Amino acid sequence: MVTAAHGAGGSASAELIEAVFVDAFRNPALDALGDGAVLPLPSGESLAFSTDSFVVRPLRFPGGSIGDLAVHGTVNDLAMTGARPLWLSAAFVIEEGFPVDELRRVAGDMAEAARAAGVEVVTGDTKVVDTGAADGLIVTTAGVGLVPPGRQLSARRVRPGDRVLVSGTIGEHGMAVMIARGNLAIDAAIRSDTAAVNALVEELLAAAPSTRWLRDPTRGGVGTACNELARDSGLGVLLDECSVPVRPDVRGACELLGIDPLHVANEGRFLAVVPPEQAPAALAALREHPRGRSAAVIGEITEGPAGIVAMRTALGGTRIVDMLVGDPLPRIC
Amino acid sequence: MVTAAHGAGGSASAELIEAVFVDAFRNPALDALGDGAVLPLPSGESLAFSTDSFVVRPLRFPGGSIGDLAVHGTVNDLAMTGARPLWLSAAFVIEEGFPVDELRRVAGDMAEAARAAGVEVVTGDTKVVDTGAADGLIVTTAGVGLVPPGRQLSARRVRPGDRVLVSGTIGEHGMAVMIARGNLAIDAAIRSDTAAVNALVEELLAAAPSTRWLRDPTRGGVGTACNELARDSGLGVLLDECSVPVRPDVRGACELLGIDPLHVANEGRFLAVVPPEQAPAALAALREHPRGRSAAVIGEITEGPAGIVAMRTALGGTRIVDMLVGDPLPRIC
Amino acid sequence: MCLGIPGRLVEIVDAGQHLATVDVSGVRRTISIRLVAADGPQVGDWVLVHVGFALAVIDEDEATRTLEAMEKLGAAYQDEIEAFGSSAIP
Amino acid sequence: MCLGIPGRLVEIVDAGQHLATVDVSGVRRTISIRLVAADGPQVGDWVLVHVGFALAVIDEDEATRTLEAMEKLGAAYQDEIEAFGSSAIP
Amino acid sequence: MRFVDEFRDPAAARALVAAIAELAGTDSYAFMEVCGGHTHTIYRHGIQHLLPESVELVHGPGCPVCVIPMGRVDDAIWLAEQPGVVLTSFGDMMRVPGGRGSLLEARARGADVRFVYSPLDALGVALDNPDRHVVFFAVGFETTAPSTAVTLLRARELGLTNFSVFCNHVTIIPPLRAILRSPDLRLSGFIGPGHVSTVVGSRPYRFVPEAHGKPVVVAGFEPLDVLAAVAMLLRQIRQGRCEVENQYGRVVREEGNPQALALMARVFELRPHFEWRGLGFIAQSALRLTDDFARFDAERRFDMPGVRVADPKACQCGEVLKGAIKPWECKVFGTACTPQTPIGTCMVSSEGACAAYYTFGRMALR
Amino acid sequence: MRFVDEFRDPAAARALVAAIAELAGTDSYAFMEVCGGHTHTIYRHGIQHLLPESVELVHGPGCPVCVIPMGRVDDAIWLAEQPGVVLTSFGDMMRVPGGRGSLLEARARGADVRFVYSPLDALGVALDNPDRHVVFFAVGFETTAPSTAVTLLRARELGLTNFSVFCNHVTIIPPLRAILRSPDLRLSGFIGPGHVSTVVGSRPYRFVPEAHGKPVVVAGFEPLDVLAAVAMLLRQIRQGRCEVENQYGRVVREEGNPQALALMARVFELRPHFEWRGLGFIAQSALRLTDDFARFDAERRFDMPGVRVADPKACQCGEVLKGAIKPWECKVFGTACTPQTPIGTCMVSSEGACAAYYTFGRMALR
């Protein structure tokens, strides 16, 4: 039986994907858990291809909407492969009775987000399902981009001593959405960070051409993305708690709810691993960009323990940072 | 308010798409109502890109499953642009509680369908939604293919006198699914025609290289596809009732339910417009292929009335064939 | 008004409840034959099906007679037309 | 056991129902102050929040005293360590 | 398909068309096909193009979907919106606009509206959902009413408490009478409805020749049936006869189906009057449940608003239903009123004259 | 964050660690942090790596999630599956495995299970859903019980008839007593639970030094609080004292919170005995609703199966909860039992010793 945990982007998700999809679709090009596949064209160009379904509730939240996410999510997944995103598809599953005006607003958000990201929505699909067969609206985008020659981003290229950077403060998106649902009765001025990062990635890659690996820490947050990095590189990741940029209100909400900001989703941030000598230039390039002002070096790659993400705590101790297990649920203890 | 009619592939769908999506995404590459976009790559290659969400209920029906459809639908849409389909993405929205075994079967169907069609599923996504927020499983695929140089398929290339071919008997898929839902309490040995047609398209294009236009008559059926042809070509389409291949049991079910087989969905058929001199070769090539045995020339293109699909009835009269308005509903009068 | 389709009775499913299966070109559905019960419909009979009920047992002889009558009607005036054609003032 | 977070009372929302708003680093939520009603909590006071209830009014002086005591505790032995460090047998 | 294909034979059709041309000669005739089923056949098979110009077919009121007044549709929507109610309906009624949209729109707003193929299937929904109340939105002429009657008898047998019928069954003779009484009648004769006559028989039409001097031919629904009926009407006129003929002898008997009539009599009684869309109130033209079936009567179980909704101003369905104008003569035909955006009911059912003409026949106008 | 950041100061922590090393000297000490909150703090901040090897922290039974027996979880699932019931629960309980899976799994099977942040929010769900019965799955020590008490008093005030509480509140002293009575006790002292003590006060722990000769320091939950508590325990030992000290004076008073205790007394009474996971039945260790609140008591309103489910054979949670073994000494730790596939409850709550160790501390073992 599939449970909510299978969809939360943590280890249960990874297991389901491995057990069901990787097993069924096994092929050399298959991008099991990354952001998108990179495929060779006869001409020698490399094509990046990625997809995501968007099921966020509520459909609008401070800072964005399902339409923004649908564009940003796929643009960012393409950017994480090193590609320049070009074209998107958009498939809409609409519950009968959904207001056409709201649909128009979502499409407008998508168009605006696409324009801002420099991509075009070129093909689409619309399905209407019975009342109760879908909760309002589900949007699935796929995206195609081209990887400039020479760019090779892969966890296998990561080396001990490399630095881990984050492009900005973390946890805003997930917390904004959790609060917007209303059932926690919490009020805060937290806005989703949703944004396309492809332009910022170009700045980074110009400043740090030897960048090893990129990942957008969406569902499961920075903690889960770092665990994927550790797993896929066969190395360790050591984060520095003091360096991880978290807005005070996000931290406050996390403390109140007993949730680790490292497990909260982001939709306009990315992690980068760069060689140590290019880290200062990388950081400077990010910070120069309006969307990268709060970028930070948050850790480094270690020989070992292999596959483990550790964190030097503010206190000077060390702890493990695990993958998210299931959805982040507010806890009382 | 969005209603079921907006999703039924007929004129209401077209209007919603025009009013909401075309309006929002307006750009030169946008493929408003066709099967997929064809996009120029820097290398000079042409990329085809298409997407569809699959919401069929039940998930399995005689002759296929949602997994088969998810692969065939997108492969066929790519083939309709003249492309050779290469890669698919697959995004799954799964309702909490959905059996993992069933998911595995669907993934298995997809893998088998992809193998048979000669494409690879290279990237994907999994989302789990609360019980009640989706009815079991929704699968969205997108696909990418390359259009061989020189192939140009477009309604604008269609000329009066061209022949309209269908690759096989019509209406099996839609009728098989309608019956499989069980609420009509009808029993018939009708199996969905779901299949990838890309190989058959290659045969056709080899035999009739001047083929003008292709379309898979899915939701809305042959009637709706022909109306799109008439609209997009600015010409008339004249069908010949006697030539339209319909299995007797499909015809029986249609008569019983008061549904026009021209409005019933197909998932393994396509329509082709070919110049009259290549029509015999085209028909022969289709009929030689195991999946094209019942192919037929079903009509021709007329100067006018522009935008109108007419049909010479078996009786010798003439009638209009309209787009489907809303879902086909069984009627009593 | 009122879609009615000829179907052949292939099975009496529940005589008490007047339920029978009809076949329409290979498509089967269980219908009620209560409205024609007094006619004692048999497997093999053709009935006119409307909203899941047999409205009438089709009289096959009468159908043949109708077809013949129509043919005659057509032919009669066909002849007449031909007759006219040859005799009419040009 | 039992997550408890310090929050500052920023508004008494409903004195009768003992409802008040607390602020935790810019995050606000209405909680019940019924369990500390007898302490007469005021806007500006800090309370310990658990499952939407104030469990205690935080005694700010006591907090300062605790911090000082901890510092002393650390320092005392810090000195001692240093003392040890210079006097201990090597 | 047996009993279908034989009656669609193109050669026989050509012969009948020739016969019609001959029989019509140089005079002009207007025959009303009372039944929407005939209208559907005429357009679906392109018969109107085959007939000589001198023979005009006028579409009558015999489409049960087209004659339901908007207020009754609103009542059905109201029922569908009651908590715990499942409204079941034939697919045809789902798109018919009331004053508050259609049942499809009510479903989109969240109401539980399901289409059924048979009234017995509505009963099945009730059996499958003991915690819901299932209302069957019954429409149709005497063709369909016996099926509802059997369903109600079965519901009573089963002792169902969660099933009721919102009865909108109508009868065929009164509107025919209303049309015949209209002062501007320009009809030469009638093609009598085939399927309703399997129940009522051909005898009830006798008043048409007897009191109004117009011939009637009860006809089947295949193209040859319709062509033969036209030819038979012309032949009557040519031969100076004026009577009720039965072209559809394979299923229609003079006395109809006495069992079906008896079952109807056990369950239904005539309403003193009933509103017909476009035709206004017609006395004794519709059926309601007898007191014996009060507990299955949605009109008695529910306190329905029952508001009368005036037809849209632009709507000329009444004129069309009476045969006074042709669909394309309605000012909104094909512009404001299309099958996607029906203003009148004639544009909804594929038996409706306007929809049939729009869907199948429009081309002739170009 | 005020009252948080000051208590996480790294320099002060280093000083305290040095003091601890000094105070511990060459002897070995094992202190039990009774409360899972402390366990969480220790691992989350990496405190265990800072302490000298001679000072061992042993995790105690003070995690309300960890001590709920499987049968009670099954009862909660049973409640959630009753028609018309909405089961509300703290997020913590959603993943706890009973004999029939967890509440999350029950939800996946279609049960209406919702997490709430506060018991008052559960009441809100009841007010918003008058046609549903809302059960609040109440867990927690005396920290949480007063909130449930206020909620029940409010429910009675509002005259709610669609709200009840499945009460699983437990008390802190009896399990502590049970541990102290265990023959193989090898503890040098206790870090007393901070938040439960805001309610019960520091006084109830006096029996620990008095009857068992072990020092207690009631401590806060920030890293400095925990380090200070360890230092204070060592200082007592070094100074030959054995008493209850209060490190958490900013919120804990000797007498606790009398208002909260009074509210609890109005709503709850002690159960004669209650099963604790891994610890077995402990007399007078849990609360139930008084007769006055019978109509709000899910155990009386529903005929719950109430089956006792034996802990999985492999499960050594009881040993872990008593501090007899370390999490990694359990045979299934990290292999069969992980946070994704918890066998015991200690692996579910992030306060559970096994989960805290697995999530934050595992590295030390490598």
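Just so it is clear, A, B, C, D, E and F label the chains in written order, and each chain counts residues from 1 on its own.
Everything that follows uses one rule, which is that a contact is a pair of C-beta atoms (placed from the backbone, for glycine too) under 8 Å apart; a residue touches a chain by one contact, two chains touch by 3 or more.
Keep in mind that what you see is a predicted model, and the values were worked out from it rather than measured.
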{"item": "Shortest path length from subunit C to subunit E (each step joins two touching chains)", "value": "1"}
{"item": "Intersection of the contact lists for subunit A and subunit E", "value": "B"}
{"item": "Highest-count interface - the chain pair sharing the most C-beta contacts", "value": "A-B"}
{"item": "Numbering shared by both copies at the subunit B-subunit A contact, with half separating same from different", "value": "same"}
{"item": "Reference subunit C; chain at largest CA-centroid distance", "value": "D"}
{"item": "Subunit E and subunit F: spacing of chain centres that average the CA atoms, whole Å", "value": "72"}
{"item": "Intercentroid distance (Cα basis), subunit E paired with subunit B, Å", "value": "35"}
{"item": "Distance from the mean Cα position of subunit D to that of subunit B, given in whole angstrom", "value": "66"}
{"item": "Where subunit F touches two or more other chains, by residue", "value": "1, 4, 14, 36-37, 63-64, 90, 107-109, 117, 121, 140, 144, 351"}
{"item": "Contacts with 2+ other chains: residues of subunit A", "value": "1-5, 96-97, 130, 184-186, 248, 251-252, 255, 258, 331-333"}
{"item": "Residues within subunit C bordering two or more other chains", "value": "1-3, 5, 24-25, 29, 50-51"}
{"item": "Chains grouped in pairs wherever the two touch, ordered by label", "value": "A-B, A-D, A-E, A-F, B-C, B-E, B-F, C-E, D-F"}
{"item": "Subunit E contact footprint on subunit A (complex, rising order)", "value": "96-97, 130-131"}
{"item": "Residue ranges of subunit F touching subunit A (in the complex, touch as defined)", "value": "1, 4, 8, 10, 13-14, 36-37, 43-50, 63-65, 90-92, 94-95, 104-105, 107-109, 114-117, 121, 140, 144, 223, 339-340, 349-351, 358-363, 366"}
{"item": "Contact set on subunit F toward subunit B in their complex", "value": "107-110"}
{"item": "In the complex with subunit A, residue positions of subunit D that touch it", "value": "1-3, 5, 7, 24-30, 49-51"}
{"item": "Parts of subunit A lying in touch with subunit F, wherever the complex brings them together", "value": "1-5, 11-12, 15, 183-186, 248, 251-252, 255, 257-258, 304-305, 308, 310-320, 322, 325-326, 329-333"}
